[in-house]
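Below you'll find a set of structures to go through.
Each of the next two complexes has chain A plus one other chain: chain B in the first, chain C in the second.
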Partner chain A sequence: MHDIAKDQPVKKGQNPFATKAVKLKRRDRTISVALGAATYFILACTLYIFADITFKGIPVVFKTEAPFVNFEFFTKSPETLMTFETEGGETYKMNFSEYSQFKRDSPDVNIVEEHSHAYSGGGIFGPLVGTALLTIICITVALFVGLATAIFLNEYATKGRFMDSIRLAIMNLAGVPSIVFGLFGLMFFCLFIPVVTSEPLERSFLAIPLGGGSYFSFEGWGTCMLAGGFTLAVMILPVVIAACEESLKAIPMGFREASLALGATKWQTISKAVLPYAFPGMLTASILGITRVAGETAPIMFTAALAHKDKLPWQDVPTTPGSNFVAQAAEWGTGFLSQSVQAMPYHIYTVAARIPQSEYTKPMQYGSVFVFMVLVMTFAALSIFLRIRYRKKLKW
Partner chain B sequence: MKTYMSDQEDQMTLEPQGEDAPVQDQSAVDALETVIEVDHVNFAYIPGTDVLKDISMNINKGEVTAFIGPSGCGKSTLLRCLNRMNDLIPKAGLTQGEIRILGTDIYHPEVDVIELRKHVGMVFQKYNPFPKSIYENVAYGLRIQGVNRKSVLDEAVESSLKLAGLWDEVKDRLDSSGLGLSGGQQQRLCIARTIAVQPKIILMDEPCSALDPISTTIIEELITQLKQEFTIVIVTHNMQQATRVSDRTAYFYLGELIEMDVTTKIFTNPSQQKTEEYISGRFG
Partner chain C sequence: MSLNDEKKTPENEKDGRVVFRRKGFQFLGMGLQDYIRVFFGGNASLAIIVLILICLFLLREAAMFFPDHHQGLKSYRQGGQELVGYVSDEVDAHTKVYSSANIAYFAEVGRTSIHEDKQLRAYRTVLANVEQSTKYTWARLERYLDEAEDLNDDVEDLREDIEEASADAEADAEDLKKDQAELAEIEARLKQLEPLIAKEREQLEKEVQTALGTSRVWDLDIAARGLSDEELSMVREAVVFEAYPDAEDEHESIQNLKQVSRDKKAAEAERLADFKETLNGIRDSIRPMKSLYGEMKDISVANRREIDAFSTAPARRAALLAGVEQTDDPAEKERMQKQADEVVIVEPDYDAINEPLYALVPQHGELAGPLQDEMNKLFRQLPQEVETKSARENMKRAAVYYERFDNTVTNNRDRILDWRHDAPLSLWTSTTSFMFGKHWITNSSWHDFYGLLPLFTGSLLISIIALTVSVPFAVAAAIYVNQIARFKEQSFVKPAIEFIGAIPSVVLGFFGILVFGEALRNISQLEWLQWVPGFPMAERLTILNAGLLLAFMAVPTIFTLTEDALNNVPAAFSENSLALGATKLQTVFRVIVPTAVSGIIAAILLGFGRIIGETMVVLLVAGNKIKIPDFTEGLGVVAQPAHTMTGIIAQELGEVDSGSLHWRALFMVGMVLFVISLLVNWAAQRTLKRLQKI
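Showing the complex of A and B:
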């Protein structure tokens, strides 16, 4: 070992590697600091959002005593929260339904000061259910249409300027603001799309009699989960189509050639030698896109969502008693899909911006946001996890 | 299967098969039956620029015909014309002439390309088994024809794998993925998959170019066995391979068929100057 003293300066004129371009070196350092700052800024924002929501949301969702989870928050729909003080000086806080019960049970209690806080009581069961239904409809429609489009574009259509312009048009859909999709959905799915009905509504644009008392009426589906799901699907289609096309492109040409050379038809080739291997990729990428759309407020605002709804969508679906089972099931299905729903993003918007704020609204706000964030993150993580798994499994 | 190593040593020498080749040559020129007739064919990928120019040749039943020539000479293009794989490329097509297989013009509008490909199978340069089990890979061609009886499939899979010389190596793991095999085994699996649909003709597009020398030898051995049942057309970059496996050789250069003859003659005494330059390695 040589005994080199690092803390001693090199003798003047003896270091051929001393810094000469001082300015350049300083600029280098500045740039690296600036780039790092941008990155850490984003990281700080993300961490702040997560931390704030988590710290304030956890006390709403979890409890300190058994069973540790606030099940009421998940099983009840939003209600008005009542806070009041009795003459005896006791303060109470309860949901509106309990409050009515309380007043009935003890009519002799004098309430001196009471406040109502809209949407701050109960839980988020209604919005959760609504978002789940909207997302399921959206996934079904978007995957079906997106898959069909992607297969057509990638496997059937001959390449050319026309197809390029179609693809460009689809990709441009991704740039359309979500509020525009909301208005489109309102105009098209809620008010225009033709339905078969026995009595056309007054708003119907055109009702073509089909005979037998039924009409082909351009009156739309009304504000309902079907319209909302379709609107969300249209909005997410560019992402789904791109994901599906990407997955199809990743399948080696050799599979198609080998299948065709064995005397398979084009559809046999696609369905047996391409789709089975492309499907996992399509599914996971689409789920990732759909988690994003689940959080959209604007498209469902006009088409599907209500701020408040007492009944869950499957309650109170009208059916005609006495008709046969299939007819009743069909009627129930149609009636069910025609229900409007509450939805998480719209609920969050309502509790955050549309009601008078007080300390009692905070738990509902943070609880909703926390649960929704965890849900969306779980799905996103799941799709990424699935993708990694399938990538490993399907290698060629 | 047991004689690979000894055969390999014989075949590794550069000289064409000296003694037995001329026997075929003289034995029955008249008895040879033409299965593929290429008749003054021009072909273009982009209309206006022909990449095959006035090709005419006859390919005989039960023979191995090799297409050789430098890259871009059109040998693969012609091969892919024979089962109309070029249909996949938009705008590509014959601009002149016709190709008759078993007496029928295969570009006739009434010819169903699906049926054609059942008769004319193809093995590709890059082995491309499906990410399915070995069994399902071989059964694929039959399944798409609607054959689903297990006994029929079992038998077809076994006989095809035996014919492809792969049975003994994979019979205990038919359910494991075809992608788990070695490269040479995968290529033989592809050959088994092709012969399972019982084509009359097998086209091979540089089937050994992605394989190591030992796998190559096994496949070459296989080709010489397969010609008893199938007519084989093979495109190869490897001239020694052409001498080892083929009965006839066609030399292509810049989209033209320069010369086609019995393999021994092409490699010992070609009638064209260009052929001699190529096989002697002066270019290509």
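Showing the complex of A and C:
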């Protein structure tokens, strides 16, 4: 008896009975693995970026001893950081305001070796507030217009040239580079949009007298948060419209038909039978909008943002004392909205590229990027989560 | 109530069977419902209005850009600067030939001393790094040492004084006493300093040792790598020796190395004496042309000043007259009025001011021929065979530049002879000089050029890199997620990739500037990657860096749209294919992907739109050098810095006066971007329509 297998050992891959299909299968598997590898490579890159920023940012934002959070970083605005050494050989590191205080308190201390690091001291309160204000203005405007547009497209419009051109315009608007929106915002909101004023500026295109010493002047709002917010709103309009439309489309036709059949008017149908159910979708739309808007730098560079600002927007808004409350409130509101603000993305741009780098600028850089990223990513995660949940739930 | 009553029209009354009667508010024949509809429609048409407004505002600036730009070019011609520009091109082209050949020469000379230079380089790098990390202690110690030295000098002086005074009987006893007191004081201070110095020295020693222990200090670039342990310890010793403010001359071994390197270079230079002589010949050959250029330049600059003074005169006068009306002070008024009267508005005599330039043209003709002949001769004398890699590359470059130089001179000969300052300048020329201009030079004392080409090439190169990298990854990921991955995996990977789209671009730019740029440069210096074109990279901020980051940014866009396209392929297609016995992947690649191909193309196009319009990443990472990248390096061009269309707007718009030519030029760039985005969108929609026809 002799063993066939011993005489002719069948090696792996040399199976005489192997059909083409096996080869094919092996090739299929290789390609699948390659495709999967490409996918996970992308995810690995993402993870690496997050990890890098997180590891370097956490020491700035958190502390090892109680209360564990670096509150100063969140409650102060960016300042110049001073590092210096006194004659005794002691080194100091303090914000500019503390530094002037220090010099006043101890005039006999002889300072040698002094360095200043712009924007590297203090915290990020100013930019956070600015970004929040810009985002609020932007989302208010964008959601209002976006929802109205979505309602028109989904509830009113019938197929035709008007609707086609609106859709085309929205689609093209979505592709316009953000910097072009910045140019548009600068020309339109900052320098052109008409305002009622008692003294038209020299740059005004056209000032129409209204009587009583006031003019309807095409001079724009100037560089301010209102202009920035509106510019951003125009930019995210396509995103908001798309999200709102999706939420309206998800509502079954039967709701509308039932309402109309009961004798409700079109508007009653929309307001009572459609909009309430579209609410979660609108929430998703606004969060999606926040994600897009908070990170944008280019459109606010010339329309709203400032690298340095001493005061917070609500401090020292001028009002005329003695006038009645409503007039004062209106004046305060206008004054408040027509201020330029600091903003997180612009602040990051400033500390990353416009100041000389040193080891003292690093904490501010990584701290702001970390906080900003966590904020934006939270909103992004929320919007993705909401969308998935909403889609699952929406099975009427 | 009354409104309702009015609306009850007689017909309705009569009819009596009306079920649906229009009720409520009516105005101009439209009811409330109609107005609500109009309100929503109005909001919807805002998208159209905004698009039209963008067009209008950009067009307005563009319409105002071209006349000003045309006027600027006209002044450039009328002042004779255009003519001088031709000569300047020749001189520049020559300089490029010379400098490339020169670099090659030095690479050759340093050929035999490479090893010594490597050690010296390592030594310098490490020393600089150590000094950087110990700079505060260093500065303190230096201060104490300086003080001690000054005090020691003082002590000597005082001692001499005292000696003299005590020898001299007539000297003032008071003075002597004072000197002695001062001496005592200084000596006390010196004594005080001693422990301080010792302490700081100890501290510095410790810090130097710590610094040498870290790997960051030993982070050498490629030109200083590959040393043996022995050599490294030598470097270390020399660094420790030198890392104090009061260190004497350099360590012996370093001095030796320097000497050896010098000797070897000298020997090599002797061998290459012919090379050097030819180089000097090349350098000297341009001298006459250069001095002619200088002469012509002075004339044309003066001309231009005269022309500019003429063109701004009315505005200056108007400003002064406006000032006269506004001031109340009579003396000031009179002064301004006088100044305004002094502003003369006389058009310069263009023929006369260009006369001296025309007189120099024949001289140029006399110089150009011999220069070309001499360069031809000298260039042939350059050694064709060189040893080192750098020398070979630079000689190749020099050959390309020589070709360009020769062509420039040949082409310019007729151009310079035919040049007329009063030749008409067509609007077409001024348009093409924007669209295809090779220079973007602003705030220049010579002439401001607004040429789009450097910015456009930068944007395009970055986009091409980004697309080549991101398309394979994004499409592969889309196929994987849509066709291969199981449901659980799908529902995790898809949101994760969409998540990337939410990363703010400024954060990515920040990452690129602080982390990725450095990492990329380190990778480019790895020994086994030197075959890659453009490696090793000298810069952190390059086209490649920006391109790779943008590739990452474009992944979610391309991925999502591709995935949608794959999803839209009818299930019957794949079912049929599988039923015919095709494997899963055969079905994917031969049936599904080809069916979805127009959707994938649309996805790539939209990804391109996203990349070319991206601002912050390129502004932070691309290096912002306004120059057409040097394509003589082949694919290595990606290791150079560049500027982009989006970046230039973001960088310069904030710094220019509104309404100036520069400002309008930036709006023109914005307009080009806008048109590109519209074109990309249009193309994407067309391809998508094809998909829908299936």
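A few points about this structure:
Here is the rule we go by: the second predicted complex is superposed on the first by the 352 of 396 C-alpha atoms of A that agree within 3 Å, B and C clash if a C-alpha of one lies under 4 Å from a C-alpha of the other, contacts with A are read in each partner's own complex, and residues count from 1 in each chain.
Here is the rule we use: a residue touches a chain if its C-beta (ideal position, glycine included) is under 8 Å from a C-beta of that chain, and two chains touch if they have at least 3 such contacts.
The structure presented is a predicted model; accordingly, all values stated were derived computationally and were not measured.
Once the two complexes are laid over each other on the shared chain, residue contacts for A:L81 go to neither chain B nor chain C.
Of the two partner chains placed by superposition, A:A285 touches none, neither chain B nor chain C.
By the touch criterion defined above, A:A258 reaches chain B but does not reach chain C.
Residue contacts after overlaying the shared chain place A:M364 against neither chain B nor chain C. Looking at the shared chain after the overlay, A:I166 reaches chain C, while chain B stays out of its contact range. Using the contact criterion defined above for the overlaid structures, shared-chain residue A:A381 touches chain C, although it does not reach chain B. Measured by the number of chain A residues touched, the leading partner among chain B and chain C is C.
After overlaying the two complexes on the shared chain, residue contacts for A:L183 are found with chain C alone; chain B is out of touch. Note: residues 265 of chain A belong to the chain B contact set and to the chain C contact set alike, using the contact criterion stated above.
Residues 158-159, 252, 254-265, 268, 272-273, 277, 394-396 of chain A are the ones that touch chain B when the two sit in their complex. Listed in rising order, the residues of chain C touching chain A in the complex are 32-33, 36-37, 39-41, 43-48, 50-51, 53-54, 57-58, 61, 136, 139-140, 143, 196, 200, 472-474, 476-477, 479-481, 484-485, 491, 493, 495-500, 502-511, 513-515, 552, 555, 583-586, 606, 609, 612-616, 619-620, 646, 649-650, 653-654, 658, 666-667, 670, 673-674, 677-678, 680-681, 685.
Within the complex, the chain B residues that touch chain A are 83, 85, 88, 90, 114-115, 117-118, 121-122, 124, 126, 128-131, 140-141, 143-145, 179, 190, 193-194, 197. Against chain C, the residues of chain A that register as touching in their complex are 21, 24-25, 27-28, 31-32, 34-36, 38-39, 41-43, 45-46, 49, 52-53, 85, 89, 91, 112-113, 144-145, 148-149, 151-153, 155-157, 162, 165-166, 169-184, 186-188, 191-192, 203, 234, 237-238, 241, 265-267, 291-292, 294-298, 301-302, 345, 348-349, 352-353, 365, 369, 372-373, 376-377, 379-381, 384, 388.
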